[in-house]
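In the two complexes below, chain A is the common chain; its partner is chain B in one and chain C in the other.
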Partner chain A sequence: MGAPVATPPESRPPTVAPPKQPTEAVEGSATWQLSDRIGLAICWALGLLFCAIAVAIVVYLLIQGLTYLKPSMLVTPATAGFSQSQTGGFSDALIGTLIVGTMGIAIALPVGVGIAIWLVEYGRPAGLARITELTIEAIAGIPSIVLALFGTVIFSSTALGFLSRTTEGIVFGRSFFAAATMLSLVALPLVVASTREGLNAIPQHVREASYAVGKTRIATVRRILLPTARPQVATGAMLGLGRIIGDTAIIVVLLGATQNFAPVGSTFPLNYLRGAGTTLTNFVYEASPTGNLNQPQKAYAAAFVLLLMVLALNAAVDVVHRRARKVGTWSS
Partner chain B sequence: MEFIASVPEFDRQVGGVSADVSSPPPIRRLPLEGPTPATQVAPPATSTTGHGATASGGFTAAKRSIAAPQFSIRRMEIDDVSVSYATREAVKSVSIPVRQGEVLSLIGPSGCGKTTLLRSLNRLTELTRTATLSGRILLDDVDIRLIEPTLLRRRVTMVFQQPNPFPMSVFDNIAYVLREQGSRRQRKKALEPKVHSALERAGLFEEVKDNLDHPALRLSGGQQQRLCIARALAAEPEVLLLDEPCSALDPQSTQVIEDLIVKLRDDVAVVIVTHNLQQAYRIADHVAFMYLGELVEYSSATALFNSPREQRTREYVSGAFG
Partner chain C sequence: MEEQYPSEYGPKWSDQRAERMLGALVCAVVGLLLALIVTVFVRAWPSFSHNGLAWFGAGGSVEEQLNQIYLSGLSGAHYVYTFHAWQLIWSTLLITGGAVLLALVSALFVSVFIVEFAPVWMRDILQPVVRFLASVPSVIYGLLGVLVIVPFIGNHLVSEPQKASVAGVISLSGYSLLAGVLILTVMIAPLMVSIFCDGLRSVRPGWLEGSLALGVNRWRTTWKIAVRSARPAIVAGTVLAVARAIGEAVMLGMVSGSVAFAPNPADGLIFIYEPSRPLAPTIVKNIDSLGSAPSNATLFAIAAVLLLSAAFFSFAGWVARRAMSKYGATA
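Let's look at the complex of A and B:
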């Protein structure tokens, strides 16, 4: 208050020959410390390295796959034979992968989304919520072979005998049911994490806006929060699906390492689901040079199909996100 | 701070004393101590307002609500209300009436409890687990604790600081309020008249009538906020709570919304929290000044801004702190 207002400076003296300006002023790393510059260089190198590895895998499998993959392999089941021309294709494995993926994600998605909603929107009692969080993290860290081993204990019990082949009171414990159930545990942490991330990204005032017009918590979840978090839920489902179709250990242990369907009983489709089977990963494992079948060309062909499926999932995630961006989001 | 940002507002005068070159500058910093600051200058005779011929505030901005409210009905009664978060008391025994036909503005510096008080009116404070409320809030003579929260929140709706339309179409934003909880029942056709009327009341219908299917989050900020007002009106509330509805908006959108608020006061009781003193002066009929959780002064807008009774009010409205 009362301070004299600074008068604007007099007109500037005429400038003499302005120094030559570079065409565009950009921030360069030239002024950085040496350690920062080295760090940047390492980041660049690692980024390029990973790109190179990814490209190498894809290109290699692309070449091998296109060389050996014949359309007939996709529709012919594996058969016993002495040469690669006699052993048929891997249609059972392909269908097995689809079955396992569908069943696994059909279990993991609703359970995972439910857990995530409960953790983010309710989370009471706090102790139980914390324990649930830790449990999910623990499941995420368990190697799938350990889950598989645990699965044999569960599904070989007589109480669950109806889910697999039972011979004279001895439960075989290997079926699509058993494998898909344990595989859903592999996908569950990814679904939970991704859904939680989506729900947490919604500003609190959006929830309050819904409560403030008299909506209940559950109505808000169903009509506002879940639709908003749909891209993240989809991402979680896709990532989970990718893990399911890529898992080998659980398939080998809990689906039975056969190369064909082994239906149990006669009620379609339960007979197939109750029986043992195979998937693409298992086929690749068996057909690889170290496996029992030793037909590497078909291993490459099957691996190529598997890779295409995973890449398609990644592309689907991208599409979901791009579509969600069209709806817009809240200015923060 | 808003005070200084909108100085030109003061140059515009209402009534006969306009364009008086000798009228004193409206902004003064009053020293925090001493009842009569040295810089005090005699205010202009604001005979047009009828208030405060000897006013010390010197608020001369144009009032949007030119006419006095035609009628006012007491809708809500805030009776000795205190709200605490855990051990911190955010609102300390405040009593204010809320009337339909009037705009009530809550002003005060940040953290003074205005928003908490506003949120307690439709029990939104209950969403904060540590919050506890004592005292009574009556809606049409019924204690709001006896009203089921979802029902209460349809009678006392709220608009927030950030425009927050739901991520769906403009139409669905309103339809969501009209439908039962989570249901999708009631077809679009059946809801159309109500949706249109809500948009019309919020003054948005003409702008969006061809684009009702467009995503609401693609509207401009001001349109989004009016959509939020339309959404709040769709529930046909008795009281409309606005929590700094213009703080994220440009001056032009602010003006549109202020006009709207003044228009709405006959149909619903309007309570608005604002940081912007000019805005409070322009649109409010009654103003409550809160400071550190206490209600310092409650009176008509012209009286509070032109002749505040309390020293703290005088200092706040003259920009000495805030």
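Let's look at the complex of A and C:
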């Protein structure tokens, strides 16, 4: 009687093994028909092509960047001049990118996390939850140039005139406030999606355990769920930050066609934030041969700095992922 | 046991109150989207109502029309709204269509490769590569396009006789459909790859094993079973990529030549070297004329068309993904 029960487990391990390893070990492409092997060759070719494109972008910008980037460019603002040696650097653009990134994520993170919490933990009424999902999806799909145009309507209204420059009753509508607010919408869907993923990955019994000791839902969220989902929240924030610092259309429309800070008023941090400015993307755009400045060497240098930022963000996402996997999750 | 409700979560953070606050936040974001849609269409209305369906038709030079519209706004006597956007729409269709087609094929092969066939070391290289390509800012793609791809096309691919043959109509300098399509492909393919991969990974292993057990080789199993059952993910990834491609303004404005011209496939293969300008870059190019009321309406009309098409594709992607969750796939 014990024997039949005992035999299946013995014969089981080989068949239960993860499906992919055995097939990979067993079957190479040698026995395939020619057409299938050609297909596999196309796979390899395209895979290698992707790698080659990425390597080409990095290496090319690295070479150009190292050739043209001088440390002085990072600390001198842009000035008017006739040749590329007279026009200074792009320190204002660099600082502008940092400001826009910080402000944008400072808006997108709390809003995005709040929406994700509401969607996962509350989500009543169901109709509103569905509309919200659709809204987030739609915001992700709105071209940033349309967001920028919408921004001109909002921030040129007299009610919000205090956020930018006003001359003779006409609100300029271009400021760090305007750009960062609209850019936060670009980052919002990424933050929401990532946070939702993190919250959904936490099994239900964790919440039940917390409710059982008398915690309210919001206390559970703040004390247990959010700390657990921290890696995903961080990932969402960094992905959003990458989109913010990489966006150009909104900056060109809402931050101004200047390459320097144009402070408004005199209260220290606010005067810069209310004024127009520039970012690295805007600088690259204007300094490219199709822009107004036409200084390709500086465009390369600024693009190189921008690429370094993007690479650093990518690496940070990787580190967070790996650390989260090492710590382990509830579901494992 | 310490106090049951620490003061910070006390009456101030009661559950109902938190729910109401979060609900208000959600409603605010939904309201913002509605406000955006309404604003764009209200602002766009004068342009649509003056032109009717002719707005989408062909006729005259777009550049000249935009200029007339702008000047009429400055003089203020009599606003001109006449605008026929076909050259811009046609350019958008060609560039988006070409790029999506190329990206779809290559992304499909690459994602199949990543999920099924690549050795582990190759997979470990390819995944970060795809993520990296997706995160490079579009202005960097544009810069590389302007300084590397465009001169290459202009100096090496387009021959002198070809340039001479159309010299009276348009000058071929390398700023072209081809440059726009190629770079846009590189920009949207990674987006597709990541969604396709999620879809392919969530195919039930039992289905694949069943096929393998019948003696079908891995290649055909992948294409006949995995790719077919991941079709919703493929649709979703494609439409999201289309939405992204339609809205791409900066890169295309830099490499597509930025002249309103409708490349004509009837010219033969040479049409891929012809410059054009899609809808989105037109807004960026004319952004300084926002102050003139009729220009403002025209630009918002372009934005409304972009918004409508992008929203349509996003919605389609959402529907496709919901359909996919019916099969137990969770991408």
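The working rule: the second predicted complex is superposed on the first by the 284 of 332 C-alpha atoms of A that agree within 3 Å, B and C clash if a C-alpha of one lies under 4 Å from a C-alpha of the other, contacts with A are read in each partner's own complex, and residues count from 1 in each chain.
Assume contacts are C-beta pairs under 8 Å (C-beta built on N, C-alpha and C of every residue); 3 or more make two chains touch, one makes a residue touch a chain.
Computed from a prediction, not measured in an experiment: that's the story for all the values here.
Participant: Looking at the overlay, what does A:A212 touch: chain B (first), chain C (second), both, or neither?
Facilitator: first
Participant: Going by the contact rule stated at the top, is it chain B or chain C that touches a larger number of residues on chain A?
Facilitator: In the superposed model, C touches more residues of chain A.
Participant: Can A:Q86 be said to touch chain B (first), chain C (second), both, or neither?
Facilitator: Neither chain B nor chain C is touched by A:Q86.
Participant: A:S266 in the overlay: touching chain B, chain C, both, or neither? Say first, second, both or neither.
Facilitator: The answer is neither, since A:S266 touches no partner chain.
Participant: According to the stated criteria, A:A54 is in contact with first (chain B), second (chain C), both, or neither; which is it?
Facilitator: After superposing on A, A:A54 lies in contact with chain C but is clear of chain B.
Participant: Using the touch definition from the top, say if A:P203 reaches chain B (first), chain C (second), both or neither.
Facilitator: first
Participant: For A:P143, is the partner it touches chain B (first), chain C (second), both, or none of the two (neither)?
Facilitator: Second partner only.
Participant: Between chain B (first) and chain C (second), which, if any, makes contact with A:I224: first, second, both or neither?
Facilitator: Touch partner of A:I224: chain B, not chain C.
Participant: First (chain B), second (chain C), both or neither: which does A:T281 touch?
Facilitator: second
Participant: Between chain B and chain C, which residues of chain A are contacted by each of them?
Facilitator: 214, 216, 218-219, 222
Participant: What residues of chain A sit close enough to touch chain B in their complex?
Facilitator: 1, 203, 205-206, 208-216, 218-219, 222-224, 227-228, 326-332
Participant: Note which residues of chain A are touching chain C in the complex, please.
Facilitator: Touch list, chain A to chain C: 19, 23, 27, 29, 31-32, 36, 39-40, 42-44, 46-47, 49-51, 53-54, 57, 60-61, 111, 114-115, 117-119, 122, 124, 128, 131-147, 149-150, 152-153, 185, 188, 214, 216-219, 221-222, 239, 242, 245-249, 252-253, 257, 281, 284-285, 288-290, 296, 299-300, 303, 306-307, 310-311, 313-314, 317-318.
Participant: For the complex, which residues does chain C have touching chain A?
Facilitator: 4-5, 9, 13-15, 18-19, 22-23, 25-27, 29-30, 32-33, 36, 39-40, 43, 106, 109-110, 112-114, 117-118, 122, 125-126, 128-133, 135-140, 142-144, 146-148, 186, 189-190, 205, 208-209, 212, 217-220, 223, 240, 243-244, 246-250, 253-254, 258, 280, 283-284, 287-288, 290, 299-300, 303, 306-307, 310-311, 313-315, 317-318
Participant: Which chain B residues qualify as touching chain A in the complex?
Facilitator: Residues in contact with chain A: 29, 39, 122, 124, 127, 150-154, 157-158, 160-164, 166-168, 176-177, 181-182, 215, 217-218, 221, 228, 231-232, 234-235, 241, 248.
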